[in-house]
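As written, the chain order gives the labels A, B and C, with residue 1 at the start of each chain.
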């Protein structure tokens, strides 16, 4: 009997140590938060921001991380449905694979918000909260061009692209191209490096481009998490200089992570387009509550984000997630 | 006799609910050699395994030099001064002699193996065991007999007070056996206590001071060796007197050949062997270890490729066929080592017996087994080979005694109704009763017209059963002896002369 | 105490473990025992059951097939690419659905045949062969799709995986078929013998090469069927489907009681192992533990099950 008893005991101990989310007090809401991955700082910051937002409003949060597995994500959402949550916040794996999961929530009549990534609207219902990739990238690059004009000389430019299967990456690329279009007189794009959101690929691509075009002096990356690779490549070519020093490459990014914050403080990074994680978290939770309480919610909530640069960095630091986490 | 070295008191042991030892009480005196006789399955090995720490008794107690002794592992037994020479050889063939001897206890200096000390101590032990070999020799280069002596050297390295021998001569040739016996005599003269298990009664008579006979897990008799004649030992072992060991032939071989080998050659193993086996004939193959006996059988069965020659089965050439196709033509091969390639030890009796013949108990095209008729056929064949009726069909063959395992292998082949049987050591390591039953079966098969080829290292077995004996030495046919001229001495001389003439290196140190 | 011994010694120990786990967690894991959740468990375990059933065959022969997860991915993208509404060559054709299904099965059988041929005819170690094919075909799946998922699949193709009852029928058919092959056919006897003692099997006239090739082929075929179910369930052909599930597959088979050393195994045992792993996953998810906590608890529970198994062996030996 000893072994069976031990088994039951373990199970019971395990269970009693965890929260018991379904036993909610009257009126208290429960929200399931399902993320695809927590492998980059950005997702961790988003996850923490949502949990903080839910805690502020006395809403119980249930967590699930799919570890990049679509099948697991589907099971996790189904479990939320089983548990009878009042709403679900989901970071889908990609635009299509998560449709069965969204449909499961739709069928159960549970409102679902897609955080930062949206899915295709093929017969499923959801609220998308997403940064305006195009506008924010365009704004960032336009600020960089302003800096370029101040130097009075023409510049050769390099852009690091993301995974073009990702709608976010496409939006950022289009924003970059739109910004450049009217300034062909001083900006000539000589290299477009595909990174597929992979640091090694980005590094190799940038090194090659710098060898082919040693006079590159303008560089925009579609995500800040590629910055360490880019800095390495710049250092290797002797082109890593502070703003104001001779030979400085005008450097711009997107996301607003901790690396970007430290490069900005050290005076290497000119500007980055910050996704306003705190806005997105708040908007997601607002949208859920509105849906639960029967108010109309738009299909897509855009996070305008903001461009942070040497001139405004101290005023805006509190809203830049990368700065917030590096101060912790 | 003086003090008791070992005392067993009412030892009980059961496997799978079957009692193997029942209230066994036995004493071994200091400095004596106790022989342990009994049929396979009588419990001898189990008893030794209990003494050697491999098994724990269910009840009863052990005393070692008067002190309670409860080994939980072979390591405990070794520390208490008991060494166990196993029936199966337990050496690592990829390691050298020295490494095998000190595997668990390398002499080290500052944590590094001290090769010099290792070599010296190995040399001393090999001297004691009477082996004139370099400590660096890899074990895979040694013959079975040499390996057995290395095992003994390994046992001596622990400086034991008691040594247990479990069938040490099964895989040895006559000369290796002599060598082993002189070593045993030296150990006796050093005052060591020995327990010696063997099926060979003559060996027991020669080596032991006292003998104990086990039957069905109980002590059937015990006393000074001189009080036990072979007849009396056998009577005690089987509980009945086996007067005729070899059943007489009931019919003569037919003239027509059923299996013909012409000029069989496999480079380095067999050269130019030709013979002819007739319907209803029992043909013996004699030869020393390494003479190519087993290789010849493997060639005939198609397990190894020929480099020359032809084989005709019932007049049709089969040398290009796979074993599977030869089985379909009526050939069967009972291999030398039933554990290695005769049985699936963890599979049930039914699964083992039906493995060969299952193909003919199927419905096409899916190969659906006709389980009912297969079960019936297995039941009938079990009865025919007299497999112990206490074992269930679903019982793993691992749990059977050696004799019953061999009967299961035989049943497997008989179920396929073969017309030619190649039997390689059909009675190795099995008890007297089972041996007799297998001989009777062989006789019945030959009377029914099957051709039978028997390979055996027991010359008495060949002379008792065969119509004709071929002597193989160094891969060549060295002699053919008709029944009228059977003479054990001639056979042995012929086999040894052939071996000595062609490859002097195969002689033992 | 005697009942407990009987339970532990039973072939179906893992089913008792499932019951114990379920009974222990039902009061504390919210929603565990609801019909909706039981349906979720069923839907989640079906593809695993199919692929683990195939793996059981290979494990009984004493081999292992590490490539099954990449076969699922490759079969899924190959079948999907052929019929996707977004540019598949057979898009809109009435043959699209059968062609897509057949492609998935053919990819599974093809990789199985390759594995089997390497293991049986070229006598390469199964671990190395299937490790290599796992890497190769996983790479092929990702490279050929540029790591993008394939969508807009015809509803007919998604039916088998999308509808839980059809999935259940498919999975049970596969499991029953493999069960019958192993228990009631000559091939089943040969598969067992190959794992129990290949030397004895060869001497006894078992066509070892053919048996091994068929074992790997059936295993690959089962992975192809699993690909069909998974593609339908997720409405996506993806080159990374089930990439991290390989150890669940082999773990389920081994927890069920099939020996990693060959010769011993049964589909019914595997079904128990599949249920056990799925139940653990599901119940821990319902407790809202993080993915990493779930992995740790799962590891401990599997270790405990392995301990029970050795305890059982001793118990059986002593009985």
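Heads up, the rule we're going with is that a contact is a pair of C-beta atoms (placed from the backbone, for glycine too) under 8 Å apart; a residue touches a chain by one contact, two chains touch by 3 or more.
None of the values given here were measured: they were computed from a predicted structure.
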Remotest chain, chain C as reference, centres from CA atoms: B
Innermost chain, where centres are averages of C-alpha coordinates: C
Length of the line joining the C-alpha centres of chain B and chain C, rounded to whole Å: 43
Between chain A and chain B, centroid-to-centroid distance (C-alpha), Å: 73
Length of the line joining the C-alpha centres of chain A and chain C, rounded to whole Å: 36
Contact set on chain B toward chain C in their complex: 15-17, 301, 303, 323-324, 327-328, 333, 335, 340-347, 351, 354-356, 358-359, 362, 366-369, 371, 412
Chain B partner contacts - residues on chain C that touch it in the complex: 184-189, 192-193, 196-197, 199-207, 263-264, 317, 319
Chain A - residues contacting chain C, complex: 1, 3-4, 7-8, 10-12, 14-16, 18-23, 62-72, 74-76, 78-79, 81-84, 94, 96-97, 99-100, 120, 163, 165, 196
Touching residues on chain C, where the partner in the complex is chain A: 1, 4, 7-8, 17, 20-21, 23-25, 27-31, 34, 36-37, 40, 43-44, 146-149, 151, 162, 230, 233-236, 238, 240-245, 281-282, 285-292, 297, 304, 308, 311
